Amino acid sequence: MPTINIQLFEGRTVEQKRDYAKALTEATVKVLGCSPSAVDIIFQDVKKSDWASGGELWSDKT
Amino acid sequence: MPTINIQLFEGRTVEQKRDYAKALTEATVKVLGCSPSAVDIIFQDVKKSDWASGGELWSDKT
Amino acid sequence: MPTINIQLFEGRTVEQKRDYAKALTEATVKVLGCSPSAVDIIFQDVKKSDWASGGELWSDKT
Amino acid sequence: MPTINIQLFEGRTVEQKRDYAKALTEATVKVLGCSPSAVDIIFQDVKKSDWASGGELWSDKT
Amino acid sequence: MPTINIQLFEGRTVEQKRDYAKALTEATVKVLGCSPSAVDIIFQDVKKSDWASGGELWSDKT
Amino acid sequence: MPTINIQLFEGRTVEQKRDYAKALTEATVKVLGCSPSAVDIIFQDVKKSDWASGGELWSDKT
């Protein structure tokens, strides 16, 4: 029953998310030995102006 | 002081969220015995292309 | 497919959580019109020394 | 390695978030004694119609 | 900069989490094309009495 | 109404969390112009064996 929440910069395509969800689910099933249907994945797009590292917004990094 | 975060598919109306917040708060007060004012609820709309179950995006399910 | 994360003070019994999960699921099904099996609820117990309101830990409030 | 997730009403400007991220990072470094580069901050804007307190959406409060 | 939060039933060993973190990071790097060092993963163990599906705690399911 | 969730390595004392909650609340009030009572902060302790960066658990880093 893992539920996986992923925060990532916005801009990824649906194709990337489709491939990513498939790959993450396969890795989960392989390591944890659970059923694929037990794996939930939720993507949360984050703007670069909503994410800071080292006290600086990523939209300000050059 | 419960704080309730709800991830749900986008598309629900404000009316539904209004009713839902009211119902969840009533259930919380009844079971936990806290004050209604102590209950915080945050809705997070999720696109079907941002949620996968069984390795497949919900936007791809038919 | 709502996924509900609930942060609450530790100390609630399993009986309370059982009743609470049932009540929240019923409210969800009634308002959103989804199947009960689509509702996931996760409780996260929080110590009073891990929750602050107004800049003060709840374990310090008298 | 603190990761800080902040849910706040939408409407804050990038300038406010820039200042806020800087202030939170400075407070973190000062109290925890970690490196600024270890501090990650993610802002999540929330609509007033997606946040309820006391069973009432903030968009309904007058 | 993906940050991945994983909620899973308690009971997994450190060995499983080690393998799982490695597999998830490899999948992330492969699909998103980011650096491994940009991938943060946080596991949150959840008791079966803190997770309900279909209105029933997993600790009650037989 | 900001709600601030902070994931940090376990091992911080209550004194540190008390100071940290105070500092974060002051920074929030100063930058956002809200009331201190509107600021909620929740700390989530994370074991080094539950946090991975670069595909490696922090408990394995030397």
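For reference, chains read A, B, C, D, E and F in written order, and residue numbers begin at 1 within each chain.
By our rule, a contact is a pair of C-beta atoms (placed from the backbone, for glycine too) under 8 Å apart; a residue touches a chain by one contact, two chains touch by 3 or more.
Since this is a predicted model, take the numbers as computed values, not measurements.
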Other chains in touch with both subunit D and subunit E: A, F
Between C-F and B-F, the pair joined by more C-beta contacts: C-F
Euclidean distance of C-alpha centroids - subunit A vs subunit E, Å: 12
CA centroid of subunit C to CA centroid of subunit D, Å: 22
In subunit D, residues with contacts to at least two other chains: 3, 7, 24, 26, 40, 42, 44, 51, 53
In contact (per the touch rule at the top): chain pairs: A-B, A-C, A-D, A-E, B-C, B-D, B-F, C-E, C-F, D-E, D-F, E-F
In the complex, subunit D residues that touch subunit B: 7, 44, 46, 49-57, 59-60
Residues of subunit B that touch subunit C when the two form their complex: 1-9, 12, 16, 19-20, 23-24, 26-28, 30-32, 51, 53, 58
Touch list for subunit D against partner subunit A, complex: 14, 17-18, 21-22, 24-26, 36-37, 39-45
In the complex, subunit A residues that touch subunit C: 3, 40, 42
